[in-house]
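Would you mind keeping the following structure in view while I ask a few things?
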């Protein structure tokens, strides 16, 4: 497996990083936060990135995409993570688009071309209170009624629901409680009667919402994939979202590390840069090692999506477990290296800590993925 | 609860430590090892310590003891741990004597006075292959025969069995496999027909043996405590042995730490003592903190045996968990601080590592005791 | 000991007779109570009456001399008093940095006039104090501070900036370190001085943290004129005074933390039961269960160690670097506890504001973020580790 | 790439035709094989024949020039050859420090005469080499070494002591660092020299470790006379040569470790199943289970990182401090693996000698104890962390 970038990939990574730094420095995210912006990101900037092709890299050509690969998308996500970009990468590209790439049906044909052009934003409502990252813990129910279903339930932490042009939702059409069977994914109009979007504010100030379904009416045509067999579709999608989140989190963490190292060189105490103290040097070196090892896992996971689909679950768990641990260590240490200013809102490093810790706790934390790894391997 | 030493206790601790350093420096243990001594310790030295009263501090006056307390014994054990003394403290005083203090029957009257005078050495055969520190996992069976029992089974890691004047053994008189009920403790003559003692050599070169029972005949008078209800007797004894082992391990670990700090001051590299390097300083400081916290737990456990019997299980688990973790960290770091010479047999620090790690893995490691703590507290 | 038991009975009777009914059961942390001062907006008549009766009795500052508004109690009596108040769940009548930091410092280093001027007002909760040590360029390297004080007749003119001045916006006085001799070696030109916050030229601005708004402020001095009689100790010898005060501060932080840990295990178990949906029996997530045990055991060791240190001090052993041990271990235990609380709550731990999160959840998340500061403030862990290495372990080599 | 595949087919055919049947399936670690040398006691005719056919083909040192007994292969071809040998489970025909340490060094720094004298014999397994770097007083601070070499006509007279000279008692030659100018700054007065172990005045003594007897020796030089033509590089410029060799050593250690980690997860699972009495399904001890996953994940990350570095090097990127990263992470992974194995075995891990312990148990325990050395030997972790801080992170401040 190729684990280093070829020339095209290196060029893409550089363009994306330059774009993020120039067009979306951390100050922009801070301004959106402080102004309590209604959208929370910029639709214009999204459209601009679509024109650069970034919303289409992993979407097959038959659906209007470029069909390069998921690894290429992961490079863009890493760049976005570096400057804490608030644009809807996770909701639209990782969750929505990957669901539709996998379902490969009429819904894909309807929405993916518009995702590629940056005209459609998507959301996937799958998480519920107490689910703890297990998509089979789905209490939302879709009751069959004449010609369709009525959906009722409450979905939590739905990323970018407030701006979505289409919401996909998992609901139970059969089975009980945590049954793997009996889950169906539906495509729902956000303006549908009975659907309420309660916007939430999280510590990273990216957008998410609680979405309430009260007898929301959908037709049989709104079924994405196959009736009652939505879990594998969801799990495949969540695996890809996790791989992408790992890449984004790597970008955030690596940047936090660079900020911390720069501070070690710049800040003086006792007449010398604090980076000249060996105790801090060794701690920084250890973080570097941990980050380099995690980076290998993050690359391998994205590569597996493209080249080794059977290995995706294990590689994804490896990547998410390792980058989550690295993110905690790097961000906590980065704040500590900063001393007092590190815990003020004025300095950026605290924003990195918050964004990293949200990503770390999302799509399963390190303990979750270690448990899954062992289960996958049968011990 | 009094957690600091009173004047008498401080004097006892000092006398014991001075004695250990003077009469049993590490070189003595090394010489016994290299000569493959038949006994593996000195019966004369044991007798001498008995004359100082150290084999009798925790034994009640009615059985010939001094009746001071278990905490006093823990101070002597700490001193013994400091110079890696190989004398049979654990087998005779922690296991054998505590069993008989608890049973408080004819066996106590028979053996405890001789323990006090240093004339009797005891052993407790309770561990078995796969027991993993759970005394209820007892496959050795005692089958009732006319006027007594026949014991068959294999006991592992029986400390000082080769010199024991009396061996106490747990055997199943009822129930299956891991049942808590149906276990009985017997008093057995080491010279009994069918009893084989296979001496073993462990990495710390203290004495232990595998003891095989093949239809070993005992009478009903040989039952210690109550028939079928030996488990609580055993568990209480093991708790006390664990508290004592924690104290001994604290002595070993604390001494290893002092040796390491002395080496940091003495060894020069790059023209300066290696202890002037801040990275090593901070690591040493962290070990010191960990050791101080563990010391508090070790003291509290020994005190609980004397003053708060209901708290013994939890306090013992606290002490053993914390000192086990501290021992691993301190000994591994102490070897690392020494560099190359740390891993040679020539330097003492490796002997500390080995002795500490045996104690750490005996009577339950840190993970075992954390699990037990939660179980005791009902979660 | 018989005397102490007599005192215990008397204290219990007196408190029962004098404490307002509404205050029973309201005891929380060491700093939860009436902070006092000229800017206080407290209006609860029971709280104000409690302050008055306790101050009259001298029990707001039990070990201080009676002439300075204290209770003249021995350390042992003061401990008994504290135990009785804990037993009755009565809050301290007055809290603050006056009582635990500048008060003890003035008792050791202040002139009679300074003691007479400040101590009684502190004991009565009439003045509230804050600490002016750190500066933007002087964090761990405190002695490199640059706030200047230039003698001008009987006054000093102060210019400079302090940071991390907790509650400065609510305080009446600040005790500050200022540089009075810029040419001397850096620890030799520092003076410890008391400044009335109403002095013209003194202003404050609150600091926002990653956890939201905070008690911290920046405090600015622009040509602030302060009478020289407010210098504590000798001019240019403030470092000695400052260090003594840091000792009181660290001991206090350690003790305060160990107090905060009480009940943490039960709280974490309860949260785990809630979020894992497991009302009883063994927790179904063995890793979280093990983490809770680790936190609980750590707290237990900390509490035992605090108690051990207390007993040593009572036996007359001099306080050494125990405060550094407690500071490092206590603050890291606190961080571990909140990290664990966040992990237990999972997605529900990510909220900054409602809807969708309970007040408890939001507060817990802020506490977690706030706890990242605990290993930095009050002398960073790195500084404490240096102190342990050099003062306790003797890893100190002149000329290296 | 097509050429490589052709080479792969050819190599496979040639190996199948020439490798002795008895050697298939005997491939183990990088250093498991025929060490050779004058003192070799190897008598297995298949092993000796394997050495001969491979040496004749030049495949004992595949990338070395043909004129020096090598195979003249490209790096890519050598990798293919290694893959084919792995596939056939064939052991290397010759192993040792000659091939991986002094050989590459002579290719870079040796004279033509030195190359001609030593390389062919190394490639044929005729001489076995050991390394004379460390001294009792010069461990991490290698440059402070004190072994002296004084010029005397066309010779140097060497006096001093080396430690950690692996296999010195079985070696024919030692490459050693000696001080030739005691007055120069410490890195400027060192010379890299080759010494025949049969030289009068050279003697060795084995070192016993905490894990028992070891490959390590002490090596003593008492007036040992060595011709000056055995100096590699310039006199007093040996530090440059020494550092280059250390680079080969570290890369080798890292790669060797990552190889050693293959199959560790399965091995640990099997042991856990045995000692916990759980032949299938979920392991009943969740903490051990989690620890096994941690070890497995760590190995996987290490392997991926080694592969990433290999690919970068193949793309022509210069080797940087990757060796330091692999050294630290690899040796700690190794320690963690053995610590875990010990924990899994519990009481059965405590044996030093029988009875009562299986050979596997005894070996595992020795391996665990031996692994404590891995973070010390070959450049301690502390030295590697210094290297990463200064060379990679740029935490290097002249004048501090």
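For reference, chains read A, B, C and D in written order, and residue numbers begin at 1 within each chain.
One rule holds for everything that comes next: a residue touches a chain if its C-beta (ideal position, glycine included) is under 8 Å from a C-beta of that chain, and two chains touch if they have at least 3 such contacts.
This structure is a prediction, so every number in the text was calculated from the model and none was measured.
**Student:** Can you name the chain that lies farthest from chain B, using the mean of each chain's Cα atoms as its centre?
**Tutor:** A
**Student:** So which one's got more C-beta contacts, C-D or A-C?
**Tutor:** It is A-C, judged by the count of C-beta pairs in contact.
**Student:** Just the number, please: Cα centre separation of chain A and chain B in whole Å.
**Tutor:** 53
**Student:** Mind checking the centre-to-centre distance between chain C and chain D? Centres are C-alpha means, answer in whole Å.
**Tutor:** 56
**Student:** Indicate the whole-number Å distance between the mean C-alpha point of chain A and the mean C-alpha point of chain C.
**Tutor:** 41
**Student:** Any idea how many Å lie between the Cα centroids of chain A and chain D?
**Tutor:** 43
**Student:** If a residue has to touch 2 or more other chains to count, which residues of chain A qualify?
**Tutor:** Touching at least two other chains: 277-279, 281-282, 367, 371.
**Student:** At which residue positions does chain D touch at least two other chains?
**Tutor:** 287, 290, 382, 385
**Student:** Under the touch definition given earlier, write down the residues of chain B that touch chain A in their complex.
**Tutor:** 277-279, 281-282
**Student:** Going by the contact rule set out above, which residues of chain C touch chain D in the complex?
**Tutor:** So the residues of chain C touching chain D come out as 286-287, 290.
**Student:** Flag every residue of chain D that touches chain A in the complex, lowest number first.
**Tutor:** 265, 269, 272-273, 281-283, 289-290, 292-294, 296-298, 300-302, 304-305, 307-308, 311-312, 315, 325, 328-329, 382, 384-386, 388-390, 392-395, 397, 400
**Student:** Which residues of chain D touch chain B in their complex?
**Tutor:** Going by the criterion above, the answer is residues 134, 137, 139-141, 144, 163-164, 207-211, 275-277, 285, 287-288, 342-343, 346-357, 365, 369-370, 372-373, 375-377, 380-382, 385.
**Student:** List the residues on chain B that touch chain C in their complex, please.
**Tutor:** 1-4, 261, 264-265, 272-273, 275-276, 278, 281-282, 284-286, 288-289, 292-294, 296-297, 299-300, 318, 321-322, 367, 370-371, 373-375, 377-379
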